[in-house]
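Both complexes shown next keep chain A, but they swap its partner, so chain B is in the first and chain C is in the second.
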Partner chain A sequence: MAKVRKSRAASLIVRYLILGAWAVVCLAPTLWFLSIGLRPRVEIITPQPIYWPTWSLDAWWKLWEQWPMAKYLRNSVAAIFGSVLIDLLLAIPAAYSLSRYEYRGRDDIGFYILSTRMMAPAIVAIPIFFLFKNLQLLDTIWALMIVFAAINLSIVTWIIRSYMLDIPKELEDAAKTDGASDLRILWEIIVPAILPGIITAAVIAMIFAINEFLFTLLIASTPDAYTLSVALANFTAGTDGVIYNSIALVAFIAFTPVFLVVIAIQRHLSRGLTMGAVKG
Partner chain B sequence: MQAFQRRPKWLKKWFPYLLVAPAVIYLLLITLYPGVYAAVQSFYAVKFGPWNPVGWANYAKLWNDYQFWGALRNTLIIGSISLALECTIALTLAFFAYRDPWVQGWRIIFLIPMLFMPSAVAFIFKLGFLDARVVSDILMGVGLIERNLAIQSSIWMSRALLVLADVWQWTPFLFIIFVAALQGQDEEIEEAARLDGASWTAIFFNISLPLMRPIIAVALILRGIDISTMFTNVHIVTKGGPAFGTETMSFLIYRTGFKFFNFGYASAMSVIMLILTIVIAQFVVKRAFVSART
Partner chain C sequence: MARISLTGIQKKWGEFWGVRDVNIDIADEEFVVFLGPSGCGKTTTMRMIAGLEEPTEGEVHMDGELMNDVDARDRDVAMVFQGYALYPNMTIYENIRFPLRMRGVPKSEQNRQVRSAAALVELTDFLDRKPAALSGGQRQRAALARAIVRKPQAFLMDEPLSNLDAKLRQAMRVQIKHIQRELKITTVYVTHDQIEAMTLADRIVIMDGGLIQQIGTPDEIYNDPSSTFVAGFIGSPPMNLVEGVLAGGTFEAPGFRVDALPVAHSGKVKLGFRPEDCTIGGDAPQVSGTVYGIEPTGDITYVSLRAGEKLVEIKTDRDYRADLGNRESVTLDTRRLCLFDAATGTRLR
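Let's turn to the complex of A and B:
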């Protein structure tokens, strides 16, 4: 009996060593990068790395003085929320159709929507670049909005569809016998019932939109339409090289809201990330 | 309130199509149109001026282009190593974490890397490994290496750097999915097996793991899609070097199109990638998603 207990204790120690080690792997670079944002530039790239810097908020003030940060933030927020709104408007009816009706070609349509998730940005980059050039939308947040919405539409549709499939049919049948139209049922019964799913889909679309890099790089050729993701890649000052402390701060400006909403939807995260394949 | 429905019959039949149509049209515009455009453009030599028809010349050139095959190979090498590492680490962590009451609370720590923008993560690795050489310094401090790692002059070390960055950022993605899949499994089966004297490891490998195979497939496919389009880290950290050793397909297309303005040729590459994508989507992805749902 004593032996069993001993081996259990040993396996517990192994477990916490491994989990603890990975926690350090996750945290150490994060905290070190935060420290980069809070030190003067001269202490970043040195012959001998400085682990305990002189703390300063220089980079923070410079960020707002030297770069149109307010504009970058506004671009990001507008493009991201606009794209999520387009996604929800298109995806909720589409998901309703895919989950609630029987008709010919339904599964093929559903799979087509899913398959657009597999399109590599680089494949469509050139035609889309010329499309927006001809529409004179290059360098505008409208172009970003349209592209972000397209990237995320498949995910949003499939997540919402997965949540709709979980709703018992009786819920609708009762309303149907009362004579409510299909659209009213969707709006007044289904949407409120799957609100967590809709929020999850919106949050995940938001994260992917914040992360988007290649399209933004092509569409936004001047700072007029930079989002945070691309703006930080341009924090270079001529011959000075890369301005890492500003980059670090922008990284954390984008990180903080994502971190907070992910905490809020933690329970739904795995289901959202697999587009509904895992019922988390 | 209407007491009865007066909707005509044709509307009833077409209603579900009408609901799904806006989304489908939107996606067709943004995927089918570019696909056709690229297919047409791939038969032309396009710089900035007029389009000159060249027939199959772009494809013939592609066939003999060592950079194209190199990029395909690099994408496969970097992608498969990253994917294998991420899957192994995530499964190990999930195995230790999924029934642990403590981990519920601080699981969010494991998600942190995934919540950074990829461009930010690229700079974390560029600074830590290349510019500030913090990692070299630490490794020298503990006596593992003698002098600074010359990462930028070694193809394999540069590839390893891209792999590390991807593993650091995206192992959490697989971890959270695997944990959820394991937690969703019936606890009673495990309990019964344990009462029969089976060890934790035996239960995991003989019961839990086979049960979650469809979900592992879906998770790996989603991750595989993203890895195969790796661009941001290459663009920021290695620029495809040294000697094109870390140039991925996405980066090659971007460079051909938007640095050398060789749009026709870049479109030919896009078409090849598109065909590969469609084949993989049809034969692998469709299957995996169908089996995960049932």
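Let's turn to the complex of A and C:
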């Protein structure tokens, strides 16, 4: 017995060591970033290592004084949430159709949707630029919304579809015999049952949208449509040279909400909700 | 509420036959039980009645009206699914209310009906829970309540009591029968449980391999099976079937000699008799063998007798006891004997 307990304790220690090491690997860059953002400019560009940093909020105040940060933030939030909304509105019915109805070419359509994700974005960059130019949408958050939505639509559809496939068909059959229309089945039975999947897909789309750079750079030419990620690129210009601490701070600002959201919905990321619907 | 008739119903998936050929007319207000081994097509047949599965061939009529192209939601049947199919995001209350809400029953009515259905299946205390927080039997009762909460054209119940303990099953059986009689709703009921079939059914439909083997009242099915399959499927223990030779009205097999059979047939046959249709001893016994095993159950004793190569089951007096290996002879109730063709299994009359 004692031996068993000892080996169990040992394995527990090993497990914690591995997890701890992994946590350090994951968190270290983030914390480093934060520390860069919270130190004066001189300190972060000296080549000598500094063991006891001085903390300052210089970069923070500078950000708000020198750049239209509120606007960047607003653009980011609007473009990202708008795009996720568009994605969900399109992807939920699309995924329902792909997972439920049998029709010719269904699998091809499914694959086509997924394949848009496999393409290198640079290929379509120029056509998209002209497209939006002709639509006179360049430099607007509407364009960003549409582009982000287009980029993420495939992945969102596929994630939602995979959750829908897990829903037993009997559930829909039951709703049908109970007299529910297709739309009602979708909104009252399917969507609530796969809510975790929808949230997962939305969060993933959000992360991709926050990090999107190429198309945003292409579409946004003035602060009117700059998002945080593109604004970062502009911090290299100006009389001050590269303002690393501001970059670090903005990166941190962009990162934090996602981090918090992921932690908050972690419970939902599991697929537990359909439990109990059917036997066993 | 509705007559249901199935004519030439088939269901094929690729090359696989789920249902081969089903013909049946179910009368208005009738209670029909489908009984058969696993995979014989009971659920599939029921789903075709509900409109959830399209027959490959054949026609479904309700009240004389062709239903093949009528959508499931317009057929107005209430179904209990084998896998319950409760809506996981809704409470039990909302689950039971769902069909009422979908069919536009007034709000005040809804509450009353949900509560009375829940009371019938003894789930009143669980209305606020989600399905995931219920036991298997409770889920099954919730599924039952969702079906009986309204007054449809027909009830379709796919093994609605399979997951309940014996006592609850008995109670629910009584409830179902009572509700069916009171509401006068045509009911199709699938079960594996013979007792359920015998007690509930107006008529029993025995299925095997996608085909109907026999349709009849419980008595007909029990006393007058049309094939060895039906004979061996119904009854517990089932009918004894002994292979032997029939010639000039006399059946002979090792350990068996039965005279004066009213059948003008000769050749290889199977003799069938129920365990309760024979008595141990008698003046002119037709079976002789040795006692192989004895199972007292309290009210009755089962004796396994080895006659020739064959083990036959006999129901006898509860006081009967004997040593294993004892010689014993048995008299058959010749009025109740059944003869079947040995090769095809069909009844010889």
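Methods note: the second predicted complex is superposed on the first by the 231 of 280 C-alpha atoms of A that agree within 3 Å, B and C clash if a C-alpha of one lies under 4 Å from a C-alpha of the other, contacts with A are read in each partner's own complex, and residues count from 1 in each chain.
The working rule: contacts are C-beta pairs under 8 Å (C-beta built on N, C-alpha and C of every residue); 3 or more make two chains touch, one makes a residue touch a chain.
This structure is a prediction, so every number in the text was calculated from the model and none was measured.
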Which superposed partner A:D224 touches (first chain B, second chain C, both, neither): neither
Contacts of A:G179 with chain B and chain C, given as first, second, both or neither: both
Touched chain A residues, chain B compared with chain C: B
First, second, both or neither for A:R15, with chain B first and chain C second: first
Touched partner set for A:P168, first chain B, second chain C, both or neither: second
Overlapping contact positions on chain A, where the chain C interface meets the chain B interface: 178-179, 181, 273-280
Chain A residues within the chain B interface of the complex: 11, 15, 18-19, 22-23, 25-27, 29-30, 32-33, 36, 44-46, 48-49, 89-91, 93-94, 96-98, 100-101, 103, 106, 109, 111-131, 146-147, 149-150, 153-154, 157, 178-179, 181-182, 207, 210-211, 213-214, 217-218, 228-230, 232-233, 241-242, 244, 247-248, 250-251, 254-255, 258-259, 262-263, 266, 269-271, 273-280
Complex interface listing, chain B residues touching chain A: 1-5, 7, 15-17, 19-20, 22-24, 26-27, 30-31, 33-35, 37-38, 41, 89, 92-93, 96-97, 100, 103, 106-113, 115-120, 123-124, 126-128, 131-134, 137, 168, 172-173, 176-177, 179-181, 183-184, 200, 214-215, 218-219, 222, 225, 228-229, 231-232, 235-236, 249-251, 253-254, 257-258, 263, 266-267, 270, 273-274, 277-278, 280-281, 285-286, 289, 292-293
Chain A - residues contacting chain C, complex: 168, 170-171, 173-181, 184, 188-189, 192-193, 195, 273-280
Chain A contact footprint on chain C (complex, rising order): 47, 50-52, 71-73, 75-79, 81-90, 98-99, 102-103, 130-134, 136, 139, 146, 163
